[in-house]
Amino acid sequence: MVDSANRATPRWWPRRRHNSYTVAPLILISVNLLLFLTFFVWPAIIGLAYSFTSYTGVGDAPWVGLENYRELIGDTDFYAALLRTLIYTACVVPLMFVMSLGIAYLLVSPYAKGKPIARVIFFLPWLISPIIAGVIWRWLFGENFGLVNFVITELGGDPVSWQSNGDLSLMIVVIVATWAGTAFNMLLFIAALKNVPVSYYEAADLDGANAWQKFRNITLPAIAPTSFIVVLLSTLHAMKEYTYFVAVNDGGPGTENNLIVQYIYETGFKRTQMGYASAASFVLLLILVIVAVLQLIASRRKGS
Amino acid sequence: MAASRSRTGDMPKKIGSSAIMWLLAALYGFPLLWFVVSSFKPGGELFSYPLTFWPKNPTLKGYTDAWTSFDFPGYLINTMIVAIAATLLTIMVSAACGYALAKYGNWWLKIFAGCILATTMLPTETILAPLFLVVRNLGLYNSLSGVVIPAVITATGTFMFRQFFVTVPNDLLEAARIDGSSELSTFFRIMLPLSRPIVLTLAIFSFQWRWNEYLWPLIILNEPSQFTLQIGIAGIVGANNVNWSILISASVLSMVPLVAIYLVFQKYVMNADINAGLKD
Amino acid sequence: MGISASARKGWLAASVVGALVLGACSSGSGSGDGDPKGITFWFSTSAQDKGYTELAKEFEAKEGIKVEIVNVPYDGYQDKLSQAAQANALPDTASVPSLDPLWVNQVQDLASIANNEANKINKNLITADGDKVLSIPSDITAAGLYINKSLFDKAGVSFPTDPAQTWTWTDFLAATTKVREATNAKYDLVYDNSAARIRGWIYTHGGTGFQLGADGRFAAPDAATVQALSEFSKINDDKVMPKSVWTSGQDPNALFKSGQVVAYYSGVWQVADFADSITDFEWASVPSPAQPTHATDINLGGKMVAFNNGEKAEPAKKWLDFIFQPANYTKLAQTNGYLPIETGLTLTYPFEKKAAQDAFALYIKEIELADPISSSGQANQTKLLLAKQKVEDALIKTEMAKFINGEQDVQKTVDAIVSGLNDQIK
């Protein structure tokens, strides 16, 4: 599926010779295959079966066919949640990408000073649990007694409604999620950047290339496989984001910022509608498959 | 001559890079600083207004209460066992699978790559109840292995290795084949050592994942003697009340081992220049 | 290749260690049952650890049965219980947030404890199916009002202290507004974002809230309820109340602790926290306003159950019997700060702060005076449980948040709540 980079690399040996290697790759993937079948496919099939019933978590599960799916397709709240999810993803993925690549680049560059301490600072937010992150950021951006509003009013301005304005509160979560998630992507980028041969840069230096040219023409192409996977995983993750919305603003104001997964929890699990929640989850799965395929196509087109 | 020119030319770069990095570090670090400083505040100061940054009456009470509110050392050891076991298994499984996906062209591998990615696509809650049934049926309920084994498969880890091995030139593999090395031995002997930065990076990830995992261990484990750190910390959050001063201190404490692991592993990632020469 | 040879050795070592660690994990599970004569007791909230641990020690000394006290975090406790039921791994005894139809058939009859005259247990609050007593509450909780006494004193505004002569919401809000303006505080009131606390608001405004009808389904609420909810939304105006609590999950406890909010409607469980962590100002518990009904929301702290776990069933029941013997229960209630389920006890709570002592005395009076409707939320839950129904009422918060945020009007809110509750009934 995710094959973009493979295409870019020229095949060294003829295709027909692949057939002679069946046992080795099978052994190499065997453990993952077994785990996949046991801990994903098996439970997923049970979940899929629930989605065709009106199961409430207790007692029997009466078969209702496609009723849950029909109800879901007719639910305008679902589309509102989907739209909000797409907006969030479109904001957080690029921001996260730029921040984590930028910081990774600085941390491996020979020029920046004080890297050992900075490295820890960028890493720590990723360790903080969402509930604590919620308190920290409400302390900063709470609209009632938050630090930012405190400073604004001290300077004579009007307090900003960071929480009761739907778009602002979405932006706060974008910032929180970026703050917390940078470390993860940053580490992926650091590993990739360390892998770019130094000789490429030395050659470019001889050609008199400036820093930006080197970054554009050497670094970016060399880390393309990692960039692709960062974008793909961040997108899939963002489409499922839920914890930070709950921790910071409880999906608020109201239900304006209930993304898809929170919608599934609120209308499904929290109302003991296991069947409906499962149906919505499989629709989400379908949407994510489409998103992944679209990204794959986009990256292939770019590659060729 | 050349050396002196490059040194003077480096100065603006050094200042510029350092300035940008420290500006970002300040932005990222400020909320953290509040967090750490607050762990020394007594409960009465945490939410007082007007806002104060530094504690007026700094105290270690949050820390001592956190340490005694549950069996901190015992839970720490359990968490360590889970994290180490899961990390070792995750790395081996992901490396093998990622390598297969990168270096063999069989059609079913492409499908399997998609399957691995699909594991990230269902919300946790949806899969939780059915997954529990599976784990129970396998007899893994109420044991640490019930926490570890389902966690071993990870799309992130698998694809980290896949994307890495894609950049390793195929002639290296072909040369090993000509030398008569078997496929699996090539993987273990040549490829795995090459991927050391990925191994260490994934180890950091896996440690963090297992360290902060909460709901699954809570459901699977019944004996307090097997509880993990996050279960202990979550116990501080009550139905109607949260004792913030203990919670914040306990969180700081629980992060210390992770930072230590990160610093050690990161050092090796940073020093991993050995394979750079292989690339051209 | 020197590097790879040593690396390979490293990998071999790593796999051996991994296998060993895993082996250690699985062998650990064998020791699950522990002491054959011991029983387990699950509860939630670490603040209650002490009372149970001390009682367990006395119980072991007396009966020779060891009780393992397990603090299960509140978040996920219900999930854990239902999964444990499916794995036949329920504890021997527990204090649970609510009974679940999934495992309620596995609890023992506690009638002998509940009906023991010496215990004087308030029988209105036990959960019973006919003659079978399914659970006895560990304690009673009630919703109630707190004020920032320092602000009231500073503004020279008085407040009632005797629940028999309480104020109306109109008087109360007039008083808080006066205090807020005189002291430059930010808000009159913060109100817990909770389906149970909003019941207190409805009852005190003369409404009956969301009640089960004769057909076992939720009926449309009366006009007073609809009116009360409208009123509630109206005072979420960022002057009387900050909007962020009910629409954006802001923590009202933290807002009250800032000292910038005149009053806080929450419940008795805050007393211990306030006694400990409010140091910048004086606070006090005051009677709930009545407009016209004098009511609160009476709830149960934890529900004590004993499970039918074979040979552990008998010691399990013994342990609960021990807990509810008046002398032992007195100790538990004092240590854990419980409003007692047993009557006629003389309790001295270990608080140094007078405000905390007064608060408990006030809550006990409030419960005595409260209109019977105050415990109807609890009664509805029992009815649903006996009908094998599982109904979550968290959706009341969501629908109210939509209402206050201007996404829907009051009628639509009420309709959505009723249909949302009824959708869960099979």
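Note that the chains take the letters A, B and C in the order they are written out, and that residue 1 is the start of every chain.
Quick note on the criterion: a residue touches a chain if its C-beta (ideal position, glycine included) is under 8 Å from a C-beta of that chain, and two chains touch if they have at least 3 such contacts.
No experiment lies behind these values; they were computed from the predicted model shown.
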Task: Contact pairs, highest-scoring chain pair - done: A-B
Open item on the list: Measuring between Cα centroids, which chain is at the maximum distance from chain B?
Closed with: C
Open item on the list: Could you work out how far the Cα centre of chain A sits from that of chain C, in whole Å?
Closed with: 36
Task: chain A and chain B, separation of their C-alpha mean positions in angstrom - done: 16
- [ ] Send over the residues of chain A in touch with two or more other chains.
- [x] 57, 135, 145
TODO: Please set out, as single numbers or ranges, the residues of chain B touching at least two other chains.
DONE: 47, 49, 92, 129, 133, 237, 244
TODO: Two or more other chains in contact with one residue: find those residues in chain C.
DONE: 254-255, 258, 260
TODO: Under the touch definition given earlier, write down the residues of chain A that touch chain C in their complex.
DONE: 54, 56-59, 134-135, 138, 142-145, 163-164, 169, 246, 248-256, 266, 270-273
- [ ] Within their complex, state which residues of chain A touch chain B.
- [x] 1-3, 5-6, 9, 11-13, 15, 18, 21-25, 27-29, 31-33, 35-36, 38-40, 42-47, 50, 57, 99, 102-103, 106-109, 111-115, 117-129, 131-132, 135-137, 139-140, 145, 147, 150, 179, 182, 184, 187-188, 190-192, 194-200, 211, 222, 225-226, 228-229, 232-233, 236-237, 240, 242, 261, 264-265, 269, 274, 277-278, 281-282, 284-285, 288-289, 292
Task: chain B - residues contacting chain A, complex - done: 10, 13-14, 16-18, 20-22, 24-25, 28-29, 31-32, 34-35, 47, 49-51, 92-94, 96-97, 99-102, 104-106, 109-123, 125-127, 129-131, 133-135, 138, 149-150, 152-153, 155-156, 158-160, 162-164, 166-167, 169-171, 174, 182-184, 187, 197-198, 200-201, 204-205, 208, 211-212, 230, 233, 237, 244, 247-248, 251, 255, 258-259, 262-263, 266, 269-270, 272-273, 275-277, 279-280
Open item on the list: Quick check: in the complex, which residue numbers of chain C touch chain B?
Closed with: 1, 3-5, 7-8, 11, 14-15, 17-18, 21-22, 24-26, 28-29, 31-32, 34, 44-47, 49, 68, 70-76, 79-80, 83-84, 86-87, 89, 91, 97, 253-255, 257-260, 266-267, 269-270, 272-273, 276-280
- [ ] Please give the residue numbers of chain C that touch chain A in the complex, ascending.
- [x] 82, 100-102, 186-187, 193, 238, 242-244, 247-251, 254-255, 258, 260, 388, 390-392, 394-395, 398, 401-402, 404-407, 420, 423-424, 426
